[in-house]
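Working notes, structure below.
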Amino acid sequence: MSTTSDLAVQVVEATPTQPWHKPRSEQRRDALVYLALAVVAYAIVMISGVAGPDGFALVFFVEVLLLTILRSRNIGKAKSTNAIVSTVIGAGAVVAFVPWMSIFVSLVTKGFHGLYVGYLFGDMRVTTPDDELNMGGVGHAIIGSMLMVLIATAITLPLGILSGVYLTEVRGRLTKVVRFVIQSMSGVPSIVAGLFIYTTVVTLTESFSGFAGALALSVLMLPTVARTSEEVLKLVPEDLRAASYALGARQWRSSLMVVLPTVRSGLTTAAILGVARVVGETAPLLLTALSNNAFKFNPFNGPIASMPMYVFGLLQIGTEYSIARAWSGSLVLMLIVLALFVAARRLGGKDKR
Amino acid sequence: MSQTGSISAPQNVPQKREMHVVYSTGDRIFRRIVTAGALTSLIVLALIGLFLLARGVEIFRDMGPKFITGTNWTAGSGDGIIPAEFSIGPMLAGTIVTSLIALFFAVPLSIAGALYMEFFAPAKIKSTLVSMLDLAAAIPSLFFGLWGVQVFSSMGERWAALTSHYLGWFPLFNNELEIFGRSPFIAGLVLAAMIVPIITSVSREVYSRTPRELVDSCHALGGTRWGAIRAVVLPFGRSGVVGGAMLGLGRALGETVAVYLLLNLVFKYNFNILESEGGNIASLIATKFGEATPYELKALLAAGFVLFLLTLTVNMAATAVVQRTAKAQS
Amino acid sequence: MNIVNQVGTESKTSKENGIIMNEMSASGATAAVAERPLGLETRGLHAWFGSHHVLSDINLQFPERSVTGLIGPSGCGKSTYLRMLNRMHEFIPSAAMAGEVLMDGSDIYAPEVDAAAMRLKVGMVFQKPNPFPAMTIKENVLSGIKLANLEVPNHDEVVEKCLTRAGLWKEVKDRLNASGGSLSGGQQQRLCIARSLAVEPTILLMDEPCSALDPGSTLRIEETIHELAEKITVVIVTHNMQQASRVSDYCAFFLSDGGPGILVEADATRKMFTNPTDTRTADYVQGKFG
């Protein structure tokens, strides 16, 4: 609006401040205090029997807690409880976050040096457990995982979307039951899914195969896809459905031509999250797809490798280089999961207007 | 303009008319297809139970209640001299022990994590933390096993040794052999790390639904942040956290590879959680599957059925709790 | 309760006029009745949500080729009433009704009536502009034709005609393939009007169509409504007294004291605003309450 300048008679200078935040100087002082505490904690770890990063963390925590208690002596009971509990909650949160942060870090530090240019494109046909890390690769496992995940997606995406459509569009009598079953199904242990496919598909076809593995993964993937589809479809404004009905649309036309196209990218997100959920599953493949060492493009013909089974197999072998390869394979797998997540997030933001 | 007079309840209210949404043929076909698609999950779930039961029923018949209560898992010699005997008792106990250890550590940490993310974390890092938490919940369990064996276990062994040193007089922490690796304690800790993201994420979501005006009114009454949390947030989120914890429990009960990598499968009831023996049903299946005799395979399927029932019960209870909370809060 | 003396004398022929029809014959019927708007009338109309009685005994006949404004304070049931005129009411699971909505003399709630086909005759514009986000401007205009599977020989002609009638053609003719969401709020609402015109309804229901828009866009839409009323019957719910007086030819005043909403008075807009029969109408149009 250009009119504001006309209305303004005089310009008043003002600097935005946030007086409810601690002033800079105080923040700086606090940082110094914590640094000092860390140094003291380090010294204690060095000279006493307490050892390791866990020991350091414990000593540091005790110091901070003591400091908090000391500082809050004269501020009243409610405030001092608040300060102490806040410290404890902060520490608890750190402990809760450390393990998976540590996993990310370990994957990078331990997996990084096994990566070389040919790693992504090679297989393990002629690589022995004691060969150095410039041989062999994970390519066959990537292909195997891709084949299985593609088949699983082809099966679960339509079924998952239908479930979502049932819960949000059709809203039939079984809505509550279906929602409940989908939730419960997401808790089926992955090994049980593997056993189920083993007793049915593998026994019937008398062969382990990528297809059987894909079916086992589908059992685990379906609840994720169905739930995400439902969440996404719920975001479609009721107004759009009303508008299409007001135009004389039948329900099926409204669903197929208005509702589903509106959440196209959201449904892609559902598929991606489903893939991210199952791409690292080991247990079901242990009973259905097993593994192999060479490139294979036929998912219907005998055992086939996959990323998690590749890692799992190398861990079983247990030689120094095998374990290093297992870490590298894990790093690649984690990067794939990460990429899927970033993709899902990018797409997920698209539908929101 | 005839209709005047006061606005009050009308005198003659006519009978309500029947009013249905009428669907065309196309609609009815569409609705049938969609319903059929939605029912697949129901059917698959039923089929899993049925098939495992059907294949395992021979074992249940042969072993009777000993399948649950016994202590041995022997495939037998095949010629009948040493009879086959299958019982998942120790593994069932192991499943429960490791899961309870996991829950014991994971729940308080998750609550702290969720409270921190929702109420303490600076706005700038909150969204990053939420994304990372989502990602953490998607870390394959294999990585927890790998990390547990290669990174964490040395630290875990030290903690176990300390616990045994100071609390060894208590039977639970007794360890005669002074070997601390590959124990249910360490496996339980790794499972705890594994289920923390899911419990944190469910709890955080429940906490975030706390009506802001309730929290604000606590502040307006001069309460501290912790005061508001204790008075409003924790009671509000309690059943949601319980639901999240049960979801985590369901995961821990059914975990295969992490436990397989972390525990030596030993068929013995082991309640000395610091000793190097144990296992759970899932890891039993993974271990024995490769070289199982046909009869033993049936026993594994029966074990799978028990695990399926156990986790399904826990998950259904969790789902019921979470859905009820969500409904009550909306 | 006649607003005008015009009673639907030709209403005997309603069955041929295509309220009762199947999916296939829908397009043919559209062409047949496009000449003359359908008569629209409610008799003894009641509405409930669950056990909550929200509308009581509404008798109202809408004059053809004119704008009727439904006015009244919020919660008086006027939006519910509007949604009963094209059977959108029934999508709320707990909803119930009594009485009749007559379109050229035949009851649209009769069991043999195909609601979807009936809605083709009755366009609707919502409070918030809601173009279909996954479609372009052109696709949005044509969406009704596609959704109801109508056969129209020349799509481009329909697009131009409807956008022109909605007063949007000049602004968007060079970017018909842009997304509907790329337009401003007022333009989106006019796109929604164009969208409902494409299936050639003879009645257009508007539920506070300008409440989410700025004054400039409101003015444009009001002009559009005036032009539309030369050919079709428009029913508009509005909260805004000035708008009602500017845009409508006739007005119906709804009121509720917490119980079910009733129709207090209906008449020519000029009379309603200058010399209403009921004191409550006078109080309301003068802004004494509501």
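To keep things simple, chains are lettered A, B and C as they appear, and every chain counts its residues starting from 1.
Note that in this section contacts are C-beta pairs under 8 Å (C-beta built on N, C-alpha and C of every residue); 3 or more make two chains touch, one makes a residue touch a chain.
Bear in mind that the values here come from a model prediction, so they are computed numbers and not experimental data.
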{"item": "Most distant chain from chain A, judged by the mean position of its C-alpha atoms", "value": "C"}
{"item": "Identity of the most central chain, Cα criterion", "value": "A"}
{"item": "Highest C-beta pair count, chain pair", "value": "A-B"}
{"item": "Separation of chain A from chain C, taking each centre as the mean of its C-alpha atoms, in whole Å", "value": "49"}
{"item": "Centroid spacing, where centroids are CA-atom means, of chain B and chain C in whole angstrom", "value": "53"}
{"item": "Where chain A and chain B are represented by their mean Cα positions, the distance between them in whole Å", "value": "17"}
{"item": "Chain A, residues touching no fewer than two other chains", "value": "250, 253"}
{"item": "Residues of chain C whose C-beta touches two or more other chains", "value": "23, 91, 116"}
{"item": "Per-residue multi-chain contacts in chain B, two or more chains", "value": "24, 26"}
{"item": "Contact set on chain A toward chain B in their complex", "value": "51-54, 78-79, 81-82, 85-86, 88-93, 95-97, 99-100, 102-103, 106-107, 110, 158-159, 161-163, 165-167, 169-170, 172, 174, 177-193, 195-196, 199-200, 219, 222-223, 226, 250-253, 255, 276-277, 279-283, 286-287, 308, 311-312, 315, 323, 326-327, 330, 333-334, 337-338, 341, 345"}
{"item": "Interface residues, chain B side, partner chain A - complex", "value": "23-24, 26-27, 29-31, 33-42, 44-45, 47-48, 51-52, 55, 108-113, 115-117, 120, 129, 131-132, 134-136, 138-147, 149-152, 155, 158-159, 193, 196-197, 200, 223-227, 247, 250-251, 253-257, 261, 282, 285-286, 289, 300-301, 304, 307-308, 311-312, 314-316, 318-320, 322-323"}
{"item": "Touching residues (chain side chain B, partner chain C) in the complex", "value": "1-4, 7-10, 13-22, 24, 26"}
{"item": "Complex contacts: residues of chain A adjacent to chain C", "value": "237, 239-240, 242-250, 253-254, 257-258, 261-262, 264, 353"}
{"item": "Residues of chain C defined as touching chain B within the complex", "value": "1, 23, 44, 46, 48, 53, 56-57, 59, 89-91, 95-99, 109, 111, 114-116, 255-257, 259-260, 262-267, 277-278"}
